[in-house]
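In the two complexes that follow, chain A is the common piece, with chain B as its partner first and chain C second.
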Partner chain A sequence: MLKRHGHETVLAGLVVIALLVMSFQSAQFLTTGNMLNQGRLMAEVALVALAMTFVIVSGGIDLSVGSTMGLCAILTGVLWQNMGLPLGVVLAIIPIIGLICGLFNGFLIIRVGMPPLIATLGTLALYRGLAEGISQARSVRGYPEWFAGIGQGSILGLPTQIWILGVALVLAGVILGLTRWGRTVQAIGYSEPAAHFAGLPVNATKYAVYAVSGLAASLAAILFVSRVSTTRSDMGTGLELDVITAVVLGGTSIFGGRGTIIGTALGLVLVQVLKNGLSLAGVRGDGTLVLIGVVLVLTLVAGAFMENRVRR
Partner chain B sequence: MKYLLTVCALALAAPAHAQWTGGDGAPTSPLPCDGSTVTPEPVAYDGGTVANEGSKAGKPLRVVDIPKLIGIGYFDSSARGVAKGAEALGTVTVTTDGPTQANIDDQITLIDNYITSGVDGILFAANDPVAIAPVLRKALAAGINVVGYDSDAEPDARQWFVNPAEFNGVAKSLIDQLAEGIGPDGSFAIVTSTFTTPNQARWISEMEAYQQACYPDMTWLETVEAQEDNILSFNQATTLINKYGEDLNGIVGMTSVATPAAAEAVTQAGLCGETTVIGLATPNAMKPYVASDCVKSAVLWDTGAMGAAAVMALRAAADGTLKPGDTSFDAGDLGTLQIAHGSQILLGAPTVFTSANINDFDF
Partner chain C sequence: MTIAQTPPPAGGPALSVRDISKSFGPVKALKTANLDLRAGEVHALMGENGAGKSTLVKILAGMHAPSGGAILVDGVQTALPSPRRAAEAGIAVVHQELLLFGELTVAENVFAGHYPRKGGMVDWAFMRRRAQELLADLDCHDLDVDRKLGSLSVAMRQRVEIARALNHNARVLILDEPTAALGERDADRLLEIVLRLRARGVAILYVSHRMNEIFRISDRMSVLRDGTYIATRNARETTEAELISLMVGRPVDQMFPKTEVPIGGPVLEVRGLSCGPMVKDASFTLHKGEILGIAGLVGSGRTELAHVLFGVTPAASGTIHLNGREIRIASPRAARDAGIAYVPEDRGAQGLVKPLPIRENISMAVLDRISPGGMINRAKEAALAKRGFDMLGVRASGPEQIAGQLSGGNQQKVVIAKWLQTNPSVLILDEPTRGIDVGAKAEIHRLICELAGQGLAILMISSELPEVLAMSDRVMVIAEGRIRATLSRDEATPEAVGHAMTARRSAS
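Moving on, here comes the complex of A and B:
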């Protein structure tokens, strides 16, 4: 148990400690209202982080998710307001655009043979540039009431985002941990040539992984646009860093092969608990950033130490 | 794929905004060219209402001040004004906290957390007027008094807004100063922050309208982005000088970072006196260039007074002494401020800093 899941154990312990400490710091922290609200606020980062776990486990990285989100957000506004398409149709088109953005990343990485870091660094600039160019940096506002329900509404007393996140979490967890396809992703991450010679569909799997990453970014865009009821071309700036922080904090190896959805979920929760709890306790934003950096470094060191010791 | 997307982008973008200057495309209301004043039409109160109104009258208030971002001179000076105003009131404790980047999501999350922590009042400068509105409405519904300054939200999402300078007033000041430097038929370029920054986009729209109405022979060469970054602003200004050469008579800086950087670029290019630099800037940053006579004037409002007025308005709104329908607001040392456009407290005309008065200011 400890040998395989040392990191997740450390992390779960940290989450419990953080929850306890924060609830002593502020009476408003451990309330149902606050917890549900945090679920709403973390939805965009969480959705993309689930998909990013697959990307990083496969030995890749996708830096373009924030820009993909920005591009999809802008296209939501432009297709609806400037091109006059019904909003329902637009909501069906946007995920396809996200998929295309992801597939293009896959094309650069698999067919052109660029390293994922470089390829997605390029598309980070490309997609953001397209978003700015298409929108001419203008906002689109005035969305209908029903659309705001996605990002601001509730179903059976729980924020819409919690339902979406719950489904995505279970789906991602099952696929990565329990299916043959999930094991293929891990095999590619451990050793791409070995996976290739084992007869696994390496290229098709990698295409799918990047496509899903783009898809997740486009869904995050819809959630975000609906939550703030406006579109701007700078939406999602820096999203990739929050996402990668959560995934790596969750114990996914940046070199590929190793990583779990539970770890990513714990990483997401820990970051959100720290951000929210410290803010409620009256710590300023810059102090929170420092603490998250410290926690990230210490957790990784502790996780590595624990697993080494058990292995010996 | 890349070409396809680029072609799509151009096809979508080109017809909508053929003549693009970096403005926001919203309707404009340029002031008359001769400087005659127009009295704004009285508008009924259009601000929001706070739940449990009056329950905080006379009680001490815990207030949080959330600027667009922290760590830049402009909002440091407004935060000092807020602190000073709170100290003068004596019954308000205020902390300033903000995102480290001008990011709408970070700002919204921060406000949301402060609502949960149960503050009595929120002061804000919005990174986006619409995006911030839902969370502010939530604050009002939770009985928290909400007052904006510098950058507004949708009116019904806050009670009052301290407007440091009206957009068309700033536009008129800038273009008039520019015309003095480059003449009514000169050509000029603009260095702005980013095309997505609402205030800058609004000023540019108003400047365009005022320039077309009052100085139709001026040529608007280009608007370039330089974020709020010193080095980038300097580089962009230098690029403009090299690109247009003698055709460039003036540069307008739209941020307190861009204007001194443009002045530095003109100084280093040895074009002092030939290329006019004007713009929005804090007086301290402009003193060297005004002293060397490279820059004749800069425009800004008193950021400290803006912060102080905001915290005083919040106290008055909580006490019920500032209420819908009022046409003026007694802001202590700052004098009596006019209320217009429904729920905006006007700080007055922007200050034009010249060699005659710039040493009287220190911020």
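Moving on, here comes the complex of A and C:
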């Protein structure tokens, strides 16, 4: 257990410690209301981080997720308000836009052969540029009541986001841990040539991984627009850093191969607990950032220390 | 050309290795290595792939820390915790893969890490002059020391590396397979340089597989086998046959347990297959139960032919019939589905996903079959892995052990087990015993014969001529991307194969 999941164990311990410390710091922290609200706030990052886990496990990276989210958010507003499409139709189109953004990343990486870091650094600029060009610095407001319900409403007393996250979490965990496709992603991340020489569908799998990442970013855009009831072109700026922080904190190897959904979930929770708890305790934002950086480095060192890992 | 054999000057050992051992995880790369290296001698270090030569060299270079034992330099026990300390102790190593900076100049490479200073600044004039002197000593009077290293030939780069070693006043020079990448003339010049350094009193440890070379320049030879020191012999008192039997640990003819198998009808018929400059108009037929050996020099197009047949680089033209049906092989996946299996040359990078357990490696090529609806059936996978594991006699703690922790021979068994799960009709083996220790090698050979006995059609590529000759029913010789000759088992003598390998196009 410790040997194969040392990192997750360290992380779970840290989450517990952080929860305890924060609840002593502030009476508001460990209340149902605050916890549920935090779940709502972290939904966009979490959704994208689950998809990013697959990208990083496959040995890649997707820096364009924030820009994809921004582009999808803007298109939601523009298609509905400026083009006059029914909002229901728009909500069906946006995920397709996300998929296309992801597939284009895949095209650059697989067909053109660009390193994922460079390809998605390029599309980070490209998609953001498109978003800004389309929006012309206007913001869109006045979404109907039912749409706001997605991001602000509750089902059976729990925020909508909690339900969505729960389903996504289980789905991602099952796919990565138990399916042929998850195994293929992992094998590619550890050794792409070996996966190829074993007859695994390397390129199709990599396309799918980036497509899912784009899709997750578009769904995050819908959640976000609905939650804040407005659309601006700078939405999602810097999202990629929060997402990658959570995934790497969760123990996914940036070199590919190793990674679990549980780890990513713990990473997300730890970051959110620190952010929320520290702000309630009156610590300034920059102090929080420093602490998150320290935790990230220490967790990775401790996790690597506990796991007697086989180097590739 | 003859090179004079001068007797080595007498003296105590410049370098002694006493019972050095080295483990990587559970794998013992070296058990007890011993060596005495005298000033002014060329001492050959011999052993099969996997015998521990490279590990010993890396320990002496300060790249690996030994797990036990002692190293004595001029009789004084010395620790070599880093390459820098090894250099300070007077030990210089020219590695198989040259460790030089392609973007820096020749002079900068000679002084890499030890730039001469004058008043706090790098003394470029001295550096260039000294580099020139050192290289002139090595028979390179005309080399411009301002050229970028990357623009030089392998032979020249090697001399720069030797110059760097001498610049540190190395008293012990270790050359790890220095002629492996050189042509004949460059190799000859290198041997002359080695003898010249010997005359100056440098102690030279020479790692090589080439027997004739070793006998031309060595004063003594030491043999390692399975990480253990076996013996040291004087060059004048031994023979090639004795050295080989010391290396393999038994008389050579027992190495290959070839069994006669009835050969059936054609399974794989290849006609006019071409792909790029390395596979040109290949035509041959492979039969049921047959082992067809492919011999050829490195770079002759052997592996490229295998890659075309396995769909890694699909054919540009030509036809392939498998069991009478014409097939197109556009990818390894298509090859697998058609019934072709390929055990690749580079086991570590292509054959296995090393950080994954044996179980996941064995099931990798048949994941489709054991995942109804996309969910992997764990029970089926475990059963299948256990079967493959037992059938091939993989020595490990169990199917859950990480594949990368296994020895070379056991890793190879895992790769073969993976492909047997696909029930192939053609098995392509590319260097099946490279880097595998002697005992496991015989096991792999026995396994190959058994598989042929079960009716598998086997295509076996190997750089080891004795292996090809002993194992094959027929031998196909490839040179410059073309099949030059196909010899029956009786016709395939070392001379005939060697002749076909090197014959000019007009001669074939």
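FYI, the second predicted complex is superposed on the first by the 307 of 312 C-alpha atoms of A that agree within 3 Å, B and C clash if a C-alpha of one lies under 4 Å from a C-alpha of the other, contacts with A are read in each partner's own complex, and residues count from 1 in each chain.
Here, a residue touches a chain if its C-beta (ideal position, glycine included) is under 8 Å from a C-beta of that chain, and two chains touch if they have at least 3 such contacts.
As the structure is a prediction and not an experimental result, all values here were calculated from the model.
Partners chain B and chain C fit side by side in the overlay (superposition on chain A).
Seen from the Cα centre of chain A, chain B and chain C lie 130° apart once the structures are superposed, a value rounded to the nearest 10. Judged by the number of chain A residues each one touches, B leads among chain B and chain C.
Once the two complexes are laid over each other on the shared chain, residue contacts for A:280 go to chain B alone; chain C is not touched. When the shared chain is aligned, chain C comes close enough to touch A:193, but chain B does not. Contacts of A:141 after superposition on the shared chain: chain B is touched, whereas chain C is not. Minimum Cα separation between chain B and chain C in the superposed model: 27 Å. Under the contact criterion defined above, no residue of chain A touches both chain B in one complex and chain C in the other.
Across the complex, chain B is touched by residues 26, 28, 31, 33-34, 37, 41, 44, 78, 82-83, 100, 104, 107, 126, 130, 132-139, 141, 148, 152, 224, 227-230, 232-235, 237-238, 275-276, 279-280, 282, 284-286, 289 of chain A.
Touching chain A in their complex are the following residues of chain B: 1-2, 5-6, 8-10, 12-13, 16-17, 20, 22, 24-25, 70, 95, 97-101, 103-106, 108-110, 112-114, 116-118, 128, 130-134, 194-196, 201.
Here chain A touches chain C in the complex through residues 178-181, 183-184, 186-187, 190-191, 193-201, 257-258, 309-310, 312, going by the rule given at the top. By the touch criterion given at the top, residues 25, 310, 312, 331-333, 335-337, 342, 344, 346, 349-356, 360, 364-365, 367-368, 371, 374-376, 402, 404-405, 418, 422 of chain C touch chain A in their complex.
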